[in-house]
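Below are two complexes that have subunit A in common, paired first with subunit B and then with subunit C.
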Partner chain A sequence: MVTMANEWLLLSPAAAFVLAALALFVIDAFAPEDADGGLLAAVAAVGGIAALSASGVLLLSGVAADGVELFGGQLVVDGMSLLFTFIFGSVTALVSVASVDYIRELPHKAEYYLLVTLAATGMSLLASANSLAVVFVALELSSLPSYALVAYLKRNRGSVEGALKYFLVGALSSGIMVYGISLVYAATGSLLLSDVASALGGASADYPGVLGVGLLMIVGGLAFKTASVPFHFWAPDAYEGAPAPVAAFLSSASKAAGFVVAFRVLVVGFPIGTIAGTLDWVLLFQVLAVVTMTLGNFAAATQENVKRMLAYSSIGHAGYALIGLAALTNAGGPGAEATVLGASMLHLFVYGFMNTGAFLFVALVEHWELGRTFEDYNGLGREAPVACVAMTVFVFSLAGLPVGGGFLSKYFLFAGAVGAGVPWLALVGAVNSALSLYYYSRVVKAMWIEPPAEPLGIERYPTALYAAVLTAAVVTVLLLPGLVVFDGIAFEAAASLF
Partner chain B sequence: MVLETVPAEYYLVLSAAVFCIGLFGILTRRNALVFLMSVELLLNAANVNLVAFAFYWGNVTGQTFALFVIALAAAEVAVGIGIVLVVHRNFDDVDVTNATTLKW
Partner chain C sequence: MLIEALVVSCLLGAAIVFFTPDRYAPKLAFGLSVPPLVLSLYAYVAFDGSGNALLGGEIAYETFAEWLQLGPYAVNYHVGLDGISLPLVVLSTVLTTLSILSAWTPIDDRQSEFYGLVLLLEGSLIGVFAALDFLLWFVFWEAVLIPMYLLIGVWGGPRRKYAAIKFFVYTNIASLVMFVGFFALIFGLGDAVSSTGMPAIAEALRAGQLGYLGTPTVGVPPDTLAIAAFLAMFVGFAVKVPVVPFHTWLPDAHVEAPTPASVLLAGVLLKMGTYALLRFNFTMLPEQAATLAVPIAAIAVISIIYGALLALAQQDLKRVVAYSSVSSMGYVILGLVAYTVYGVGGATFQMVAHGLISGLLFMTVGVFYNATHTRMIGDMSGLASKMPATATVFVAGAFGYMGLPLMAGFMAELFVFIGAFESTVLPAAPVFTAIAMFGIVIVAGYLLWAMQRSLFGPFELETDYELGRAPVHDIAPIVTLVVLIVALGVAPDLIFEMIRDATLDVVEFGFGGGS
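Now for the complex of A and B:
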């Protein structure tokens, strides 16, 4: 059994984010005119690296393998929360480093890094949230800084408009979600996930409709956070309008945060075995997964703007990750369920690197002010070959080709879906993956094959942005063998939820 | 006990009515500030449920959570007003349907 001191150590990943945010507050208070923002970025990046190191050490040491409840069960630290905090730490570090060059000329740098670390704090709490109250508070802590971050370029119409749409949909869906939570409380008398689960069969039978509508509304709130249909409308506009590093942060870390809380709320709080008669959420997620991945991939295929294509592809990937919930039909037994849920976590893990890297490459191109369409990328391979090799790795890994971890995580996911007794979901996913190869390879073709319309005239090769892009690329490639070694962590984390 | 005279279901009806008014406002009004007010109605509909059912179940979980919701509603409006302000500066209007530079 863990002692009191160790309980606090278990929260060290979240504490790393909090300390980084507090340090940024202090620096901003004493030296508001820090010229290049390097110090601020370093503090945020160190916070991210500390969080990922702490969660990595805790994960490998296995102290929290069975899940340790803190604060009377409000928070739980287990394999899944540590795995996702590792993702948030990595993405925060990559985005902070890349932002040094991206926002070099812009004011309010301290606020920018502050909002990133505060949002990351909210995400790491979301990963540990074990009661609906904490879910809502942590969700808002990660969402509110994100709205402000999207509007960071406050004289840019696209940035402001993206933030407005993100905020409008976000405020609506959080209102719907908290009403859903209140209905679940009305039906069960508790907000703790374990108590909600044990109340499902008892008194809540008096109010099956209230409970079902409440759960449906909570799922709506989660769909917003994961950018899944039907609350996906904000994603393309927010990602396109936002500064590219912020888009990287939102589409990777924020999405993963939405999924980790969806996994825990639905699997722990509303086990499908007891709630199937009220609201069969597995069936609901089967529909959502198919619609989300198909809509995301078809819309991505029609885009002319690379950033918007990546935004829709990120909706498509939300559809793949939803398979982890949609395949919990209990047809293949608990082992198969843990496998497919773990595969979904692994996919979000790899996605955290490859998608962040792809958006950071867009940040690099925006930094060069080359434009945003596929044509603007023509001939980039000759001018910036190293970065373009990295981008090629990202998009092919996103498509599921065996150049990066994306191949293995998709393989695990589809194989897991087959093992869990829903082979048709794997088939839809595979068809969508094949389609996605079309629009991903358009980027590669533009970069390496098409000649540029006019000389690109790239003069600066920003060090920090390059470092972030290349780190993401190296990790994406290393995850191909790495996933084979470390996949057990995700499967065990998933198995401990059931 | 108040709830012996007013059944718990009545509170559900009240909160559902408030929620629907808020949702109607969000879907039909174009002014971003009215949108913010409508979101407040959604959150307060939830608060009615939370407080009423805290009495029904005899625990204070719901009441405590309602306090958190009130605080978060204030934070959300603060960020929202900020965004509405930059929207007004860039588009000279707070009509949410005016900002259409991004299209599919």
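Now for the complex of A and C:
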């Protein structure tokens, strides 16, 4: 039996985000004229670091290894929720630090950091959500601040347009999702995932149509959050229009939040063994994974704008991560399923650092006002070699070359798919990954090979942005040998879901 | 710890050179390439391994440490050398040091980055040959691409960007297809292996423990799996080698690459492909190799003849050398598929010999180019009278290529032909061998023609540049290579003994015949 004190201890990562948000409220109320925003960013970053430290300690201590249910099973704290909260904490901290320089000249700084920490709170709850009601509330808590964050540059047409698109697609898909939840509730009589799972057998016999449509709608809501086809339209515009640190936050943390809830809802709530006759979501995700990764990669290859390329590449990576769900065909036995799901978690984990870093580098270039196309990056390697080495690490790691942890996590994912009995899916992923080298290396080519059209004239080297970019790069590199710290956790966390 | 010292000294050297001003970078890089060279020579002298590293042999300089866990499989840090990998490690260090010397004249821009990348490349190459765990090996295998991409892309010729990206994407797709194929094998072995260690996998596969991929009801049966994986891996490595029809990236990459990068590309990078074929396809899946012996031998022979004919048709001296590599690599494949001690051993010997000879020819073409600023055979004539030392070396290298006795190329081809001729695995082996031998005639044809046109006759050159003797740091590496080629030709047992020792177990698989 978990005591009251322990319950709060287990929720300490989420509490760290809440406390940071409340502290930002208070600071904004009493000292609204904090000019440079350093204090505000520090509070948000400390919140993120506290959340990642707390989840790291809880992970390593193993208290939640078997999963602890709280509030009558509405929330569950287990290896997976802690691993993902670790990601949210890291991304929040990186983004907060980088934002100091990025929004230095802009108004409403307190609101900006407040929205970031509130969204992070929603994400950490999503990671723990164990009932469909909590899933929906947490999803909204993480989404609503995100819409406002995208529109933060409210005098910028792209920012407002992206936010509006994001909001409209988001509102639609959450409407679809909540309707799907109501249908599932109608068919199974419960919102708790474990109860849904046990009522599934009877429900698929009695109300196959209601249940199937309900699940399909829930999957639609998840596809929106993970920026997967067919609810991916918002992503390129929102990421491109948003302030670059916000794009980093959304494409790394928000996407991971979508995946963690997808893993839990589908694997725990709708075990494929029972539901396959009603709606074979594994087959559905196989189609979605192939379409998402292929569409993301091919669209990324045609972009001229680096930020938009990264946005599409982020869709491509959503496709890779979907392999974790698409490979659960039960052809390779439960061990193989845990392997591929764990590999998917690991990939999202590494992705949190390398993708955040890449977007923060874009933030750095935007800060220098050099422009956004590949040509604008020409010759940057000579002017800012350290940052460009970091960016090289990010894009090569995203492409799956052995400069960072992205190499291992991506190949773990493909190997896991082979082991789970879907080698064709691994092959599609592998070919996509190799083709992605084409557009990722365009960034490298621009930075290091092409000469600049005119002198770039970089005068300032913003400390906070540099610190965030370099931290992300160092972590990405260290995750190549150091993935050993997290791989066991991820595979065990995946195994405990089945 | 020797291998770690080797790799770390390369990487450390690379890091130091990166942060050195351009002025000092060339000499410093040369100095920093000496410790790995000395270490590898020490490794050669003190070598105490025996047998094949994958098949229960005594592994030299072995290090083992636990690393990762990939689901049920342990991924370990496991490195070591045997008689196959050690000569290739020495080849890498020798060619790196010499190519750094040969870069002093042509590379006059962003030197510190150039030499840093060369040392980075050296470290990755050593890792490829030393790694004994699949995932660790794959880390190094892919790591090689990055410095080579940048070397071609930054310092290459006019079409360098196209050549670099073609090399990059083309070889990467191949690697990934191979990766999926190999992991299908690992998972097909099921509980028979508990790690991604190459020795364990090789022994389990040779012991016939391959099962279904997935469950027997919906999975892939072992026979289909083995053949499919063999093909996926063969294609993956064949692109790297390259053999016809996967060779189209090679002329582009070679022609556009700066000379020192060409030397490493032809000298060592191509050997990654043949080394991997030997280590994976031919060591781990001998039955499938025997089943597919005829098509593979056909590909080998086509590469030999077609590559040579392509070389014959070229006007650009560098393209001649580049296409002739396709031809030479065909001999390696032929030797491998023969499955005899001389065939497989000769193939390995040919890897080293071709590394030295093609390196020599690329460097010599580079020296001519430094002086004349053209590589077109039609544009030059009678260079021998102006650059006698370089011309002599070029002639020596060309004869080495043609298989002049007492040079390494002769011994390599002799071993391969003997091995292929007596093969019991390959049907109609004498026919394949005879056709392959005809390749030598074509090689002699194009090299003699190229030499005659460019070196001899009255001096004629359409250029504004003053022609003089090449500087010592250009001549020294090519002379060193000639010495090494002759040494291996006179005394092949310098390396053939250990190669033979390591390949013995590979061919002993029921059907392995010949002496």
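By our rule, the second predicted complex is superposed on the first by the 493 of 498 C-alpha atoms of A that agree within 3 Å, B and C clash if a C-alpha of one lies under 4 Å from a C-alpha of the other, contacts with A are read in each partner's own complex, and residues count from 1 in each chain.
Quick note on the criterion: a residue touches a chain if its C-beta (ideal position, glycine included) is under 8 Å from a C-beta of that chain, and two chains touch if they have at least 3 such contacts.
The structure presented is a predicted model; accordingly, all values stated were derived computationally and were not measured.
Because the two structures share subunit A, they can be overlaid on it, and in that overlay subunit B and subunit C fit beside each other without clashing. In the superposition on chain A, A:487 makes contact with subunit C only, while subunit B stays out of contact range.
Of the two partner chains, neither subunit B nor subunit C is touched by A:457. Residue contacts after overlaying the shared chain place A:403 against subunit C, while subunit B stays out of touching range.
In the superposition on chain A, contact of A:334 is made with neither subunit B nor subunit C.
In the superposition on chain A, contact is made by A:435 with subunit C only, not with subunit B. Looking at the shared chain after the overlay, A:179 reaches subunit B, while subunit C stays out of its contact range. Using CA centres, the angle subtended at subunit A by subunit B and subunit C is 140 degrees, rounded to a multiple of 10.
In the superposed pair of complexes, A:299 makes contact with subunit B only, with no contact to subunit C. Once both complexes are placed on a shared chain A, the shortest Cα to Cα gap between subunit B and subunit C comes to 24 Å. Counting contacts as defined above, no subunit A residue meets subunit B in one complex and subunit C in the other.
Those residues of subunit A that touch subunit C in the shared complex are 329, 331-333, 335-336, 338-340, 342-343, 396, 400-403, 407-408, 411-412, 414-416, 418-421, 423, 426-427, 430-431, 433-435, 437-438, 441, 444-445, 448-449, 480-481, 483-484, 487-488, 491.
Contacts from subunit A toward subunit B in the complex involve residues 133, 136-137, 140, 144, 147-148, 151, 154-158, 160-165, 167-168, 171-172, 174-176, 178-179, 181-183, 185-186, 189-191, 210, 236-237, 240-241, 299, 302-303, 308.
Residue ranges on subunit B touching subunit A, taken from their complex, read 8, 12, 15, 19, 22, 26, 32, 35-36, 39, 42-43, 45-50, 52-53, 56-57, 59, 61-62, 64-65, 68-69, 72, 75-76, 79-80, 82-84, 86-87, 89-91, 96, 99-102, 104. By the touch rule above, subunit C contacts subunit A in their complex via residues 67-72, 135, 138-140, 142-143, 145-146, 149-150, 153-154, 161, 164-165, 168-169, 172-173, 175-177, 179-180, 183-184, 186-187, 213-215, 218-220.
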